[in-house]
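Take this structure, written in structure tokens, and hold onto it; I'll ask about it next.
Chain lettering (A, B, C, D, E and F) follows the sequence in which the chains are written, and residue indices restart at 1 in each chain.
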């Protein structure tokens, strides 16, 4: 079974893939014919595909986000690879393939990511801070098992958000050891809370964001998380004016650093400055790592990466 | 009694003024002498002043924000007017002067402004919206009687915030009549709520902002108001996910229009677009009106106005 | 007869429409065939269309901006609706359809808009100002009956410019009452003159801008209007250096507020500050109203609106 | 007689200077004493000065822009040189000193600059263009003999504007020879007209700008020149819509290149692109030359130059 | 033989052209057919072309950058001209056509351009400067015979870089005469060196840039040239700290003027200020001249020009 | 002995301090008197001071950067503390005070910092990379013992640069362990080299930058380091075109991330992305830590910090 990432122009192949997107269209000729405009994907990447001779039965058989067995040939269209599907059928139980094998996913199991996050949460010494963070985590606990961290920007895959949080917690722990003047409780809380409302801001399935929620568009995950902290404090009878509540809200509100990046206030606590830079460091390096991973080894340059000033990354050949 | 605004270079005068700022300093000569570095003000403006021969009794007599009777002479220092105080004493009861006569103030009585705001609040048809707005207004009702709308930007005087709200409500009412597709309840609620947290963001006395609160700096009045709406809904058992709550939070969060102006989301409801422009129209015109009012009639140009791209305003002489 | 706005995917329909754009093209197949690439429109919106079997007679029959009767079917192409035309013929006299019924138009009759503008013009007290404004209006009086206010930005339809002026005059009248320090003559004059040269800057037909004129590109409507005021003063023997002429030119030149938006000077008169904000308020709210009007009621969100920071508008469901 | 530029800390000197600025002030001591806050200048530069013991006679004797004989000593105040005046008297006829010897001035005599400009004007082949340029030059001919090109930015001295025009005409002539597709008439006209309204935008005396005129602030020299071209065409019965008039207005309107630099339209004719770059090249190089000229030879670096991204210029020591 | 620039819609023609780009593609129909997606060019311009019936022999015959004889017809596709190729064959020796006749090229022969550059190089008086410049020129001497100055921005044709240098040297010579305080040696050296590393930054053939080199992307031509100067000084035993080396590096490093345009330092020497403006003047005017040259005489406006704020140029019709 | 940081208004004190700045000035009175304008400092901070009665002997005794014993009193001038010196004498050998005790310094001994840097340098596996890094470190080894990392921005004290490098090496080591796809050799080399030319860009004494060198202003430390790498490769016969040399130069050139921050190219290698973010994280957190350290414990807010968007840092009071 050939991985999407390994397909080259003119390759003929047979394999199982995820029917990530599917749209019924008509050709321009008269009489026009129906065809499927498709995106096929697996855990290594995705490619556009066309299936030209669509029957009525086909229309009732194939739907997005299903697994299919495909015989196809790779062609070039406008300098990009595209699959021409020769034959296609739905995957069946006896094929022994599972949906989760075909999606991009964090390199650590979701259950282990959640376990780590909860361990860190338990290690917070301040009871009020721990209570507020727990309340917010509970709101999205189920979605945290599989939500991506963003639509396309970074960690855009199954359990990407939890993975982002765990790696940041590792960096945060190191930095707090290196610079003991930082408050470790606030650092942990800030990292866990900073993107905690993203699962309610975005609508995602199998790690793929399909849209933003109405609340996501009108309020945004930063203000949503701030409101959740308010709610947590009220529900647990914690003083809304306390330095704890202010500090947690400030961490969340300021973590995008600048107004034009979505933060209504700029970092004005040591841990808020650290949070923004740890978030940025982890997100950017993950973009680089993912871009190198999904670019064929034979290529010296990755595609342009939006979050890196739209620059590509060069694969140094030192050793 | 000469108004500050009317004082010219070389004028000698006697009158009552507010001792707005006062600091004890020492001259450079040896032996150094004590003197007062002072700001005198009345409702028409303010001027720096020096009182050169400070006695021990003086140090125990004079404090900021008190009324004083002053005999002085106007001098020029670095191209700006400055008062040299010849004699000074505290105002006494028999002088019959009242503190509130000496501060800049909205042209309508605070009690009437609050009455108007409450009338409009009562006219909101939607019960849940009315409940939320009432809750937020109650939080600052006492301060709304005298707080300015900003430190220096606009409406920076006694009851300036309430005055700003009332004028905006007038415009909002007109626009809702002109364009009936706008929801009048949301328009009223948005106008009353948009700056409602400012009295907790700033620390002010007699209409003069002396500093920002810790909460004001770390959270900002926009996110504070959003949190208040959350609190209001929880306390009154209103669904946090309802379109009403979302709409009110969106109005508040988006009213600065752009991220670099402090709004974490941009206006995406008709009433939010209207709110931003009505706010802007009223604030800018008030800056113009106040600048013209506090500039001597004989001057063709006001000083530079920060909020108007740092431009002055020309006094046209048409009629 | 189905309105464009009401057409859904797979609908079959018959109706009269405006042939807004038409281009003869060839298919890629060999031998290539002629087809029409078309835009059909009515007062509710527009859609792209294809007519695949073009005969020699067709080529001599159909031209842009003509009315046609069409039998077609709605398809989807690249996620957008597109009409496949089955049959098409020119509208005939006996069909009883009029061109003006098929174009988007201001909600008030042009003749009434012009009447209102002239009434306001007559109410200007200052004779010299009235003379100059009259001179400029006369230059474009005929075009003011039907010109849009912009190519796509706002009020982009039949008589859109006159409608924009009239709504602004209403707001201006209200603001002058609310803030009597504003000079009503200048306010009226500024509103009527601010976009007065647009009909010579743009080339439009039936409310649709097809291009900009050479003068429009090289001079721009702002400087053109300034030159017209100069011309008006010379032709009427009004002193070019008078405060009246300066004020009118300043109003026109500064109404875009910032250099990067096309104004060579920034507002420095009270009425100029008001003019910019009234213009902005009316234009933005009209964008919102038009976007909501042309979006099917079933959609919660309008398309992205360029002039509103490229954001869509949410249709609140409060009542 | 020591030039201002040559004065060093602790120098004692006697010489004639221009009393460029003079203000009567009072010291802080009690009783306060009168003193003069002065700026002394000559053609090589300027320095602040204090005259501490002002008599009543002095107050009636000394006024700004007069020539004086001064005995003084150079001191340092806040890292800058400052003159302490020991003795001062007005220059008398028998001193044989002339005001014009004490001001910074273009290195070519005004009369020769004007002659050159008129020669070039005469060489314009197109009669209508020549007529319009002549009309505009006549408006400011007298002021062109002595006006600077800007307040501080560049060519800020006696006849600086005429000098700027002449140098640009030289470059323009060279570029038109190098690239014959450029229209020499338009190039000459554009160069002469581009800043032609500056003498009416600014108020200047002896090459020193003291303020901007009301018209300068409200209209700006770019739009003023555009209006003058309109006036010229009307007064000479030249078609306002002709390509000649459009081209001349476009050259003037676009010569600042970008909206944020004050141009309402961007260059869209070959000669307009050339005009902007020739203007820029000449202005920037003159800033450099003037900065090097007024910096003591012993200094490696000039002061920061605003118009050059606030950078200083290094004096290379190659030969 | 018809020039590309002269082809109009529906023209049928026969002629020799350069096969600038060629890609084998498949049509969407079933069974799909092979076709060539082609760009044909000559010295006057280029057009896309399709060749629909590709045989196996064709696939082995045609390659990019070869000369071909074509019989074709001009069609319109998406508002742009496109050639449908009827017949095509490779050019043969007896056709008597030469590759260099079919590419856009500087209007002066490369050999003459190089001769001029070397003459100027020889005229540099300072031996160390001359040595360094010679070293750098030798590195790219062969490529200087044919490299363009940029991919698309300006002088994007055969020997465009050498042509750009020569025109700048002419302007530089004039400016040094007009302003003798400029050091002519530095001016000459700066002009020759400013883009000297471009032939190693870009990969070009026949004046057409196909890509950037790895070094070009990671280091950039500005820093590469700075490194070359270092290398030149070391290899010739010139003091790396001398004002000569600093000056040459500063000229190269600062010639893009601003950080956002790629210069790590801003101009801080008189010659560096001049260099930037001469570079800019020449590049912009060449863009204008080339755009007018490649636009049909019948068109009043050129296409939008990226390097000129994305504006088109108007062809004035004065004479 | 009272630390500068502990001095309050009206305190009288005796102690040893560093005479960081000293300037002879004259008072305004007649006859004017000489006085010293002084900055006194120790390791905890600095304050301005005045010494009013300067004798001829004083002028010959006191010079900047010497240690002095001072008896003084703290006063307030323009809201800032200022010392009035009563008595002053030079420190003598028997006082037993050492200059290095009076300056701000990294919290780790320079010798230990250098040792750590060298250890890491030795651990680089790639011989060519090690050779180049060694060459560059040797150029500034002596200065690395005491140079600050910047004039005021961050790590602006004795051995601040070496301290910055060491902390970054710690973070770099952690990140390379966390993300093994990063090349540890390049990471180490990039961190050591990124600011390696700063000691030649700036002129510093005792950790205090007094100016930038000519080379620093004209070339800048980024391009200087790039040139040093070129020089190192040439002197050690390493191929200038090798991926090693390119990678090291790219790391240095891109580490400021954006053109407007001084980088001529943007990061396009994984390690370059990491380097920029590690540099930023360390610099910003150090600014925060230093600001909190030098702000009295009783203050909730530090002064505004330029490098943090000009925001202050709040001292949370959680525990």
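Quick notes on this structure:
Simple rule for what comes next: contacts are C-beta pairs under 8 Å (C-beta built on N, C-alpha and C of every residue); 3 or more make two chains touch, one makes a residue touch a chain.
Note that the structure is predicted; figures quoted are calculated from it, not measured.
Common neighbours of chain C and chain F under the contact rule above are A, B, D, E. Farthest from chain E in terms of Cα centroid separation is B. The most distant chain from chain D, with centres taken as the mean of CA atoms, is A. Chain A and chain F have centres, each the mean of its CA atoms, that are 40 Å apart.
Averaged Cα coordinates give chain B a centre that lies 60 Å from the centre of chain E.
Contact with two or more other chains is made by residues 29, 214, 217-218, 247, 258, 268-269, 314 of chain B.
Each chain pair that touches appears in this list: A-B, A-C, A-E, A-F, B-C, B-D, B-F, C-D, C-E, D-E, D-F, E-F.
Residue ranges on chain F touching chain E, taken from their complex, read 214-215, 217-220, 222-223, 226-227, 230-231, 234-235, 240-241, 246-247, 249-250, 253, 258-265, 268-269.
If you check the complex, the residues on chain D that touch chain E are 126, 167, 170-171, 174-175, 178-179, 181-183, 185-186, 243-244, 247, 257-258, 266-271, 273-274, 277-278, 280-281, 284-285, 288-289, 292, 308-309, 311-314, 316-319. Contact residues on chain E toward chain C in their complex (touch as defined above): 27, 29, 50, 52-53, 75-77, 79, 84, 300, 314.
In the complex of the two chains, the chain D residues touching chain B come out as 23-26, 28-30, 32, 214, 217-218.
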